[in-house]
Structure formats: C-alpha cells, structure tokens
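Listed after this line are the structures, all set down as structure tokens.
First subunit A sits with subunit B, and in the next complex the same chain sits with subunit C.
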Partner chain A sequence: MKRSLLHISYPYLLLIPAFILIFSVLCYPLMASLVLSFHKWTFSTYGEGRVPFIGLGNFIEMSADPYFWRSIVNTLIFSGSSLVMEFFLGLGVALLLNRKLVGTGMIRTLVILPFVLSNAVIGLNWRLMYNYDYGIINYFLSIFAIKPILWLSDPTKAMLSVIIVDVWNCTSFVVLLLLSGLQAIPQTPYEAAKIDGATGWQVFRFITLPLLRPVILVVLIWRTMDLFRCFDMIYILTGGGPGHATEVLSIYSYYKGFRYFNLGYAAAAAWVLVALIMIVCLGYLKLVRSEIID
Partner chain B sequence: MKKIEKHIHNFLIYLAIIIFLIMSMFPIYWLFTLSLKLPHEAFSLPPTWIFKPTLENYASTFLYGPFSRYLINSIVVALSNTGLSVMAGSLAAYSLARFNFRGKKLSLLAVLIAPTIPPIAIAIPLYMIYNDYGLIDTRFSLIITYFIFNLPFVVWIMYGFFQEIPESLEESAMLDGCSRLGAMWRIALPLVAPGLAAASIICIIYSWNEFLYAMIFTGTYAKTMPVAITGFITSRGVYWSKVAACGSLVILPVFLFILFVQKHLIKGLSLGAVKE
Partner chain C sequence: MKKDESFSKVMVLAGLISVLTLGFTFGAVAQEKIGPITVSMWSGPEYDNLVNCARYYEQKTGRKIFIEEIAREALREKTTTVLMAKKGRYDVSYVDKAWIGGYAKARLLQPLNDFIEDPDVAASWFSVDNLKPPIDDLAMDGKMYGFPSEGDCQFLFWRTDLFNHPEEKAAFKAKYGYELKVPETWKVYLDVARFFTRKKGERLAGKILKDDFYGTTLAGKRTEACWEIATFLYGYEGGKILDPETFEVVVNKPEAVAGFTFYTDLLRKWHVVSPDVPTWGYPEVSAAFGGGHTAMAMQWMAAVAEFNDPARSAGLWKDGKRLFEYTVAPGREIEGKIKYRAVQASQWGYIIPANAPNPLGAYKFIEWLTGPEGAKMWALNGGIPCNKLALTDPEVLEKQPMFKVLAESYPYRRTIPHYVKTSIDYEVQDTVGLACNQMVIGVKTPQEAANELAKTIEEALRREGYLK
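Then we have the complex of A and B:
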C-alpha cells in the first residue's frame, strides 16, 4: 500500500468542518467569556471606549452579594430535590415497564413525550394550570375540599411548584435510559437466581442493581448537569421570583447580563456555574473510579 | 389461588402504569383542548369537558399578525442546522471511529465535555460577537449557534454507530478499487442509516424547542416559535387561548414525529448514554 500525504491527512481532513464550527461557536466564546469575567464591562465603561481589567473584582463583588449566595442555595435545592424524585420515580416506572405487557411499545412512546416537547410551551401551560383563580389544579384540589393554593406567587411554595414541573418533564428521560439499560441485562443470571430460589428483592438487590450501575451513573451525571444549568422552565414559570425565591444561578447570571448589562459580572457568575458543574462531574467520576478499584 | 394472585399482581402493575401515563399526558391533553375552546368555555369552572371544537384561536393567531413568519423561521432554522450538523458530524465521527491519529482522545473528550457547558456561559460572549458582526436578529445566528449542542451530539451518536460496523466491509471494497471516501459513502453510510435518522430527529427537536439562545439573539424578525409564544404574556394579562393554539402547533409536529419514528429515537437517545 502506498502511503501518500493525502492518506496520512485523511483523518484530519474529515474532522476539519466539525472542528472549525465547534471552535468558532463553542471554544472561542467560552474562552472569551472567561476573559470577560476579569473585566468590568458595563454600558458606561463600554461607552467610554475602555473596558478595564479588574482581575478578580467581579468575583469579589459577587461574594458580597447575598442574592448570589441565595441563587447558589436555590440551585442546589432545585437540582438536589428534582434529581432524587426523578431518579426514584423513574427507576420504579422503568422496572414496571420492563416486562412483557400488552401495548408496551405504545406506552414507551407516550412516556418519552414530556421530555421532548418544548420547555417554553410546557412552562406556559403549567403556569396556566397553576393559576390561582381559574387553574385546573386548584379546581381538582377543591373537589377534595382543599383550599386553593398560590402555587407560583407564594415565596414558600414557588420552589416546590417549579420542582414538580421539572419532575413531570424529565422523569421520562430517566425511565427511557434505565429501561434500555434493564433490557441490555442478559437473562442468564436471572434464570440462575430462579433455580436457587431467590426472592424478588434479592434478585433486584444482587443482580439488577449491580448490573444496572453503569447506566445509573450515566443517568445521574446527565440529569445533574441538566438540572444545574436549567433556565427555560424556571424563567417562564416564575422568572426567578417571587422576589428571589426561585432564582437559580443561570437566571441570576442572565439578569445581571441582559437586564443590567453588567456583562463582565454576568460572565463571572456563569463561570461559577461552570465550575460547580465541573466539581460535581469530577465527584461522579471519582465515584466510578473508586468502584473499579474495589 | 396462585392464578388469582398473579392476576391481582398484573392488575396492580397496569394500574400503576396507567396512573403514571395519565399524570404525564394530562397537561398536554389540557393544552390541546384549550386551543379548541372558545374563551368563555376555556376558563369556566368546573371545566367544560365536552365542548364543540373550534379553530377560531388558530385562525385569529395565524391569519393576522406575524406568526406565520415565526413558524417559517423555526422550520428554516431547524432544518438548516440539522442538515449541516449531520453532515459535518458524520464525517468527524467516521474519522474518529476508523483512524488512529494524534489528538483523537482529546477530540473525543471535547465531544463529551461540550454538552456539560451551561448555555448562559456561551450566550454572553456570543451575543457580543454577533452584535459586532451585525448578526443579532438573523436566522443565520441561530443556525450556527445550535451547532453548540447538535454537532457534538451527532458526533457522539454516529461514532457509536460507525464502530458497530466491521471495518472489513470497507476494506474489501477498497481492495476492489474503491477509494476511502467511496467506501465510506457506498458501504458505511447506508449501514448507519438508522443512526443518521436518530441523529437528525434529535437535532430537529432540539433546534425546534430551543429557547434561551433564541430569546437572547433575536428581536422582532428572526424570532422562533417558542420565543414568540412568550410574547402573549403582556402587561395587560396573558392571552391564554392564543398561547394554547400556538403551543399546540409547536408540540404537534414533535408528537407526530415521535409516534412514527419512536424506535430510531429511542435507539439514538439511549445509545448516547447507555452504550459505553
């Protein structure tokens, strides 16, 4: 075989279009936002024509802002509770669907629906259903003689309402992934367990769960990342309010950037979010590694 | 006795699944019926379960005003980005799956890390860049922005699909005088057609639904449907019937899509995560 220059450069040639596109819309802007976070970019500094470098100034200013810390706590509460609920509900439904039932194909199609529909539409729809006066949810509650609830405008309940919508929206994704994981498990260990007379719980605990572990980890990582940077749903449901009750970090950064046009500060806040996500991902990866060593 | 027990067991499983399905389907059903009701029926309590469907809301939304343009924007953006993403992404995936070269591991790592970046971190600098080049409020800006998510996703899915095909097929084609690209085009691509379908569907759905970038980068002209819908929230109140009509129209194509191509979609979505 002759090895021409073209031959050696083939792999790179095929990569070039994707590489250029990803570099220009992803890598370059990402680096630009890191640089931006060390500058004081506001309307006035931009208008004067010089955007001063202020080192860690934005980050120092942020650490003195109580609403910044509030948004971090909100992000953790929102992501943590949604993740736990979505995971256990999703696991339960996936286990139920993982048997030969009539109409499973149809059911599986329907299950995935909430996840693939537009978040903007879903958010608005839930906003209507949550409406105090003519929302359908308060109507259902009134049948059971429960007083109407101010779902989205009561600061103590807004976070719960937002979490409910996210659980409704994303559990289907957990179901789908866990279900395909369950179906990839070979039948032989189950047959052996049956011969040995294992109970249903033992089968689940000692066969299903260990074999499902890689998929579970993937699901947890994906969901955690997605929850940490969640924006659309919360923005449409409450806009971060009432007050700052549901203002997560991505919404905090958005307001700083596009309402007050303090773009340097907003970039700094966004990078805190990037760092948070990285830390969580590294945590998961460590978990995976320690498990392999075990 | 055992038989009755088994029947009860099965019944309970079905019951649980049905409750879950009703819970996940009801909001969608509610939105859809709302779009077919006249305003006075829409907000009466107790709700009107039986009503005469009307297309009034659709007509009043789409016949007057700019909504047909927003719909076209959505379609143009979704299709253009999907086409380009699938082309560039499959080429890259083929290269990653078939060749060993310097920087291969790094490229794969980049593809894996890309989706973890929160959109708001990229939206701020991109907004400034687009502003400098006069790209704000153009369809073009959205078409290239959606590469951020779609391109890594296509590469990841197609990488999995290409790896499943034995390389010997292409090698024998090349022995018969086919060029490398010819072998890819004639042998490998037809075999990964399901993968291409899955990748395209996911790209279309993502571009069709995307909200944050579309809200920040567009103003009056290039708005896509999800952003346009939020325009019904006004200081004088929310036009719920129009929200329902437009919302149903955004949801409906995805719904039909999923019904017809669910197998490809599920394979695509799960391959990205499960097959590792």
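Then we have the complex of A and C:
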C-alpha cells in the first residue's frame, strides 16, 4: 500500500521544481500586476512609504481618458485589418504552395524569411524605407511619376503603413500553419469530389475549408493574441505617433508605466488588454463550436 | 512494469532539468552582484569614455571600479527598478536631470550635501561653483543630488559655401534688403530659411538641384520634439511651462504659444523644413544636414564629430574642405536688442542611490570624475564635461574647439522643464514632445495643443500633490 502511494506521488514530486519555476516567473507576476492595478503607485506614494488601495480608481480614471479609448480603437483597427489581410493573403499563398510546382521548396524558404527577422530590425529598416525624402519606396514611386507619400508623418496614413509592415512580417507565419494544415488533409474526399464532378470552388468550400477549420482557429487565436500585444515594431516605427495615430493599447500602457511610472494605472491598462484578448478569443471558440453543432 | 520504469526515468530527468535550470538562474543572478564601486552607464561613447577614466582612477587610487553597461533605451527602466530594490546594486548611476525630481520624491537618492560639507570627505581641489549652472539641474529643494556631466547644447549649424556664395549673397540682398548673414535673430533665421528653400530643378550656388532643398531642420518626432522646443518656447517670447512660485501651469499663455507657433510655422506656414519632420529626431536631422540637404540645422554639439567626418557627412565636405560652421542659437530681437534667447540643452549626471552599498567610495569617484582632473580627461577622450576649468582648459580647447561655442551658450541653456523641478519632470518632457508633434502634424493648432498640454500637466501635478 505504502509503495503504491509513493509510486503514485513520485512523478508529481519531481514536477514540483517546474511548478515553482512557472509560478514564480508566470503566475506570481500576473497576480502581482492584478493587485497593483487596484493601487495608486507613483513616485510620490512610493516615497511616502504607502501605496494606497484605490479599488477601481485606475480603471475609472482610464475610462475618462479619451486617448485610452483611442488606443483601443487603434488596437482594434490595427489587429482587425492586419488579421484579415494576413489570413486571406496567407491562405492564398498556402493554397498555391500546396500544389506540386517547380521551385516550391525554394519559394517556401523565401516566404518564411520575413518571419525570422526580429521586430526591432524590421521596424528600423522599414522606417528607413518609409523616409519621405530618401526612402526607397518613394524613390520607386517617383520612377512611375507618383508623388512621394508621407508614410509615417501623415496621421491618416501612418496606421496603414504600420499594418503593411506587420502583414509583410507575419503572413509567412500564417502560410506555414495553413500549409501544414492543408498537407494534413487526406486525399480521399478530393478524389470522391473529382468523381462527382465538383468545381474547384465547391471543392474548396465544402471540403478544404471545413477540414482546415481547426488550423484556421489556431491561426486566428494565435495571430489575434500577437496583434493585440504588438509593441516593439510599432514603437520603433512611429513611437505611437504621429500624435496618437498609431498608439495602440500596449504603447499607451508602456508610456504610463515605464515613462511616467504610474505603475498602478499601467497595470490596469494591461489587464484591460488581457480582457480584450480573452473576449475575442472566446468569441472565436464560440463561433467555431456553434458551426460544428450546426 | 517496464512502461512504469521508463516513465519514472523520464520524470526523474524532467525534475533534474527543472532543478538545474532554477539553480543556474539563481546562480547567474548571484554572479552579477559581485564588485566594489559599481557604476551604471548606458552603451555608447560615454561608456567607452567612462571605462578609460575609471582605469586611470583605479591606478591612481587603488580603488576598484566596476562599470555595468546598459542599453540606451533601457537605461531609465533598469535604473529605476534597481534603485527601488531593497538591496542596492549600483553605487553610482548615470541619469538625466528630468529623472531627478521623481527619484528624489520617491527617496531613491542620496543627497550629496553631507559629503560636500564634510571637510574630512570633500577634497580641497573640488568646488561646486565650477559646476554651475548645470549642477542646479540636478538639485531639488535645496539638496544636491548629482554632479553633472555631458551637458550638451544645440548649436545653429550653417553651410559656409552657401552663405559665402556671391550669387546667393546678391540674390538675398536683392530680396530682403540686407546682407546675407548668420542668423542671430529669429527674423533673420526665418528669412534665410525661406531664401534657401528650393525645389528640385531650381538653382542653388550655381548648380541645379537633384532633390528638394530645405532652409533648415526641425525635430518633430513625438519622443524627440521635447529636445528641440526649448529654444523656441523659452527663446521666442520668454514662455514658461510652470510658474516657479505657485506651480501654476502657464504653458498655454501667449508667450509660450508664440514660441510654439513659430516652431510649428516652420513647417505648416513657411515650408522651410522637410514635410517628414514629424518623424525626425537626432539621426534624421544629422542625415539631412550631413548629407547636404539643408542650409542650416538646429542640432546638438555632439554632432560636430559626425559632421567633421567626411565619410559620414559627405554633403559637408568638398575637396578636403569643410563646408560648415556653428554658432549660438538665435534670439528674439525687440527694439534693436536681443531680449529673449534660449539654447536647448540636455543635462546628464552621476547620482548616488539611497541603497548604494558603498556611498563614500561612490562620492569620491564622482568627485574626481567631475572635478578638474577627471573632467579634463573626460573632455580629451571626446566627452562633454561640465566643469568650467576643463571647458576652458587650453589643451581641451585645442582638441575640442566647439567648447568655446558651448561656453558661450551656457548662459542661455534651457531644458524641458526649466525654472522648477517636480517629480513629474519626465512626464512633462514627454507630453511637451507629444504636444509639439500634434502641432507640427496639424491635428491641433498651437493654442489647442498648449491648452491640452496645460490640462495634462495640471492633472499630473494634482496626482503628485503639487496642486489641490
């Protein structure tokens, strides 16, 4: 009996160090930031030796800041637009690469290239390319007699410029996942459809898409989380400017927390971001589940 | 049974890996905490300079110095978190003056007054007077918190080949009725900028332009505009941000708005700068002037080294001849006299954290580093000292002739914010930059942006207890 108890608990005992590590590195900071979001933490309160509990004070103050709401709108625009473009572009490229064409292997390697670069390098390079006076993009436009564009200085164009960079960077990741999903689909349904005389669009709509659904769900959730959290690339490109044109919630939170050291407020903004991501991802899951039930 | 055994083996391996990872993590952290006087410095030429000076100090005094290099973008975050830790790690930290207010309010700094006023500690060759006025930027409520170093100022750079070109001189006089000259007033600055702004295909100094050419530069990026606006804000009609006595926010009063308006109009009304300046900071301004694309530039003195290098600034050199000079920033002329003048300045310095393990050792090091000998060594290594004796030393002036103009700029140096120190200085700096960016891109007029800026600063002052 004793040996049986030890035998059962043995693997769990060995996992304790890993749990301690995960708790200290992941769970504890998360909980600490949640607690912090209910306190007023500034240089003054820290200096006075008391960090007062203010309940929902930070959240209420945030809700009265029009730039907070602007950052949420910017986040939704940036994430939504990038996701739609990356998904459809990625699906198209994946469908092409799924065919047995000459040079597919090399094309696959080239397609992945943007994704392996670091966001900081991407941001710096694109900032140079977008330069109004000396950037290569405006140079090529001038060859076609197109007037130079203020890619990052014009508040009506800056968000589009940032979206273009993200789509360039991350479509390859979508291609990778969707391509692996396409290659995992068995050939039998396609053969049966061919025999039945189905058109290409019918094959895509009634066979490919339904069988690809689990992978599509993974792509949507993963990219949504990444897009909502995107910080470094946007910060290097525009710093959230011009004005507040590209200030997404992560950058808004960064300024409040790490520039002004209003840490309680910044923690509150960060948790709003977490809530947003969870709502969107739960929405995906509900949509997919209801389609399966149907 | 066999399956259970292999499962156990996997679990043992997983557990061992976890423990080892944990051990290495704590071990690595423990390894970093060794060393005598530890100084934190951001990466770049200042780090290299500090290493050289520290090695000399070690040989001279036998006291060990350990220097921790921190990425420039991460300096503030890293410094703040280390200063707030219960157990100190740094004995000396390199900080910007705008951080002093917040750190002092949070009681993260050790006042230097006790060391300075102790005859058993302070060296006889050291005088605080030689560090004025920069040392005032690192003081608050009568307490000195740091010794200054790297007090840069913005100069007005100009193209000698264009200003001295006979064709251009004649055309300028014909248009404006006076001789083309290096601007000392904002009126002349604007006239010269408008005169030299030309489109691609037009003629400049006898040549046809291949690209648009601009009269001057402007740093309008959100995070960098605060490093240019002081020249205009304080120097156009003498505007301020805060009243030093009452903490009343005055940044939206007419004097300040006049300065903002002149700054904004350079792009929005007169078009004498590139339309892309809302994204411009130090690198872009240097690239524009160094590449020969503008006639003038408002740029930091530190850029002189870059402009003096033909490989990096091809537009400023021709046949081995330098094509630029620099001078003090212009001022506002009223009734024939320059009444208002301000020079955008930055001020960095060395502070001793309240949790410093070796505060006395730290004090002796920064006393030497910013004193006559250390400051001179710093200057000869390419740095910008704040000690008057070093700045006027003949050997230093021979190697760094631009220090002469720096010394001329000193009476006019202004930072954001100036005149008053609070715990929200850094936030003020940032929000001023944001307001400037909004004006320059045209989403708000200077008055609208200044009103919003005033409201933001008031809220921050109320949050920190300066206003009720």
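Definition applied: the second predicted complex is superposed on the first by the 286 of 294 C-alpha atoms of A that agree within 3 Å, B and C clash if a C-alpha of one lies under 4 Å from a C-alpha of the other, contacts with A are read in each partner's own complex, and residues count from 1 in each chain.
Keep this in mind: a residue touches a chain if its C-beta (ideal position, glycine included) is under 8 Å from a C-beta of that chain, and two chains touch if they have at least 3 such contacts.
Not measured: the values here are computed from a predicted model.
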{"item": "Joint occupancy of subunit A by subunit B and subunit C, clash or fit", "value": "clash"}
{"item": "Which superposed partner A:Ala270 touches (first subunit B, second subunit C, both, neither)", "value": "first"}
{"item": "Subunit B versus subunit C as contact partner of A:Val84, first or second or both or neither", "value": "neither"}
{"item": "Partner chain(s) touched by A:Leu209 [first = subunit B, second = subunit C, both, neither]", "value": "neither"}
{"item": "Touching partner for A:Leu282 - first (subunit B), second (subunit C), both, neither", "value": "neither"}
{"item": "When both partners are placed on the shared chain, which of subunit B and subunit C touches more of subunit A", "value": "B"}
{"item": "First (subunit B), second (subunit C), both or neither touched by A:Ile60", "value": "neither"}
{"item": "Contacts of A:Leu21 with subunit B and subunit C, given as first, second, both or neither", "value": "both"}
{"item": "Touching partner for A:Phe258 - first (subunit B), second (subunit C), both, neither", "value": "both"}
{"item": "Touched partner set for A:Pro11, first subunit B, second subunit C, both or neither", "value": "both"}
{"item": "Touching partner for A:Val121 - first (subunit B), second (subunit C), both, neither", "value": "first"}
{"item": "Overlap of the subunit B and subunit C footprints on subunit A, listed as residue numbers", "value": "10-11, 14-15, 17-18, 21, 127, 134, 258"}
{"item": "Residues of subunit A that touch subunit C when the two form their complex", "value": "7, 10-11, 13-18, 20-21, 42-44, 46-47, 127, 131-134, 150, 152-155, 238-243, 255, 258-262"}
{"item": "Residue ranges of subunit B touching subunit A (in the complex, touch as defined)", "value": "13-14, 16-17, 20-21, 23-25, 27-28, 30-31, 34, 43, 45-47, 84, 87-89, 91-92, 94-96, 98-99, 101, 104, 107, 110, 114-129, 144-145, 147-148, 151-152, 155, 180, 205, 208-209, 211-212, 216, 225-227, 229-230, 233, 238, 240, 243-244, 246-247, 250-251, 254-255, 258-259, 262, 265-266, 269-270, 273-274, 276"}
{"item": "For the subunit A and subunit B complex, residues of the former touching the latter", "value": "10-12, 14-15, 17-19, 21-22, 24-26, 29-30, 32-33, 36, 92-93, 96-97, 99, 101, 105, 107-114, 116-122, 124-129, 134, 136, 139, 168, 171-173, 176-177, 180-181, 184, 214-215, 218-219, 222, 225, 228-229, 231-232, 236, 250, 253-254, 257-258, 263, 266-267, 270-271, 273-274, 277-278, 281"}
{"item": "List of subunit C residues in touch with subunit A within their complex", "value": "4, 7-8, 11-12, 14-15, 18-19, 21-22, 76-77, 80, 84, 102-103, 105-108, 211-212, 221-223, 274-279, 284, 287-288, 291, 293, 423-424, 426-427, 430, 434, 437-438, 440-441, 443, 460, 463-465"}
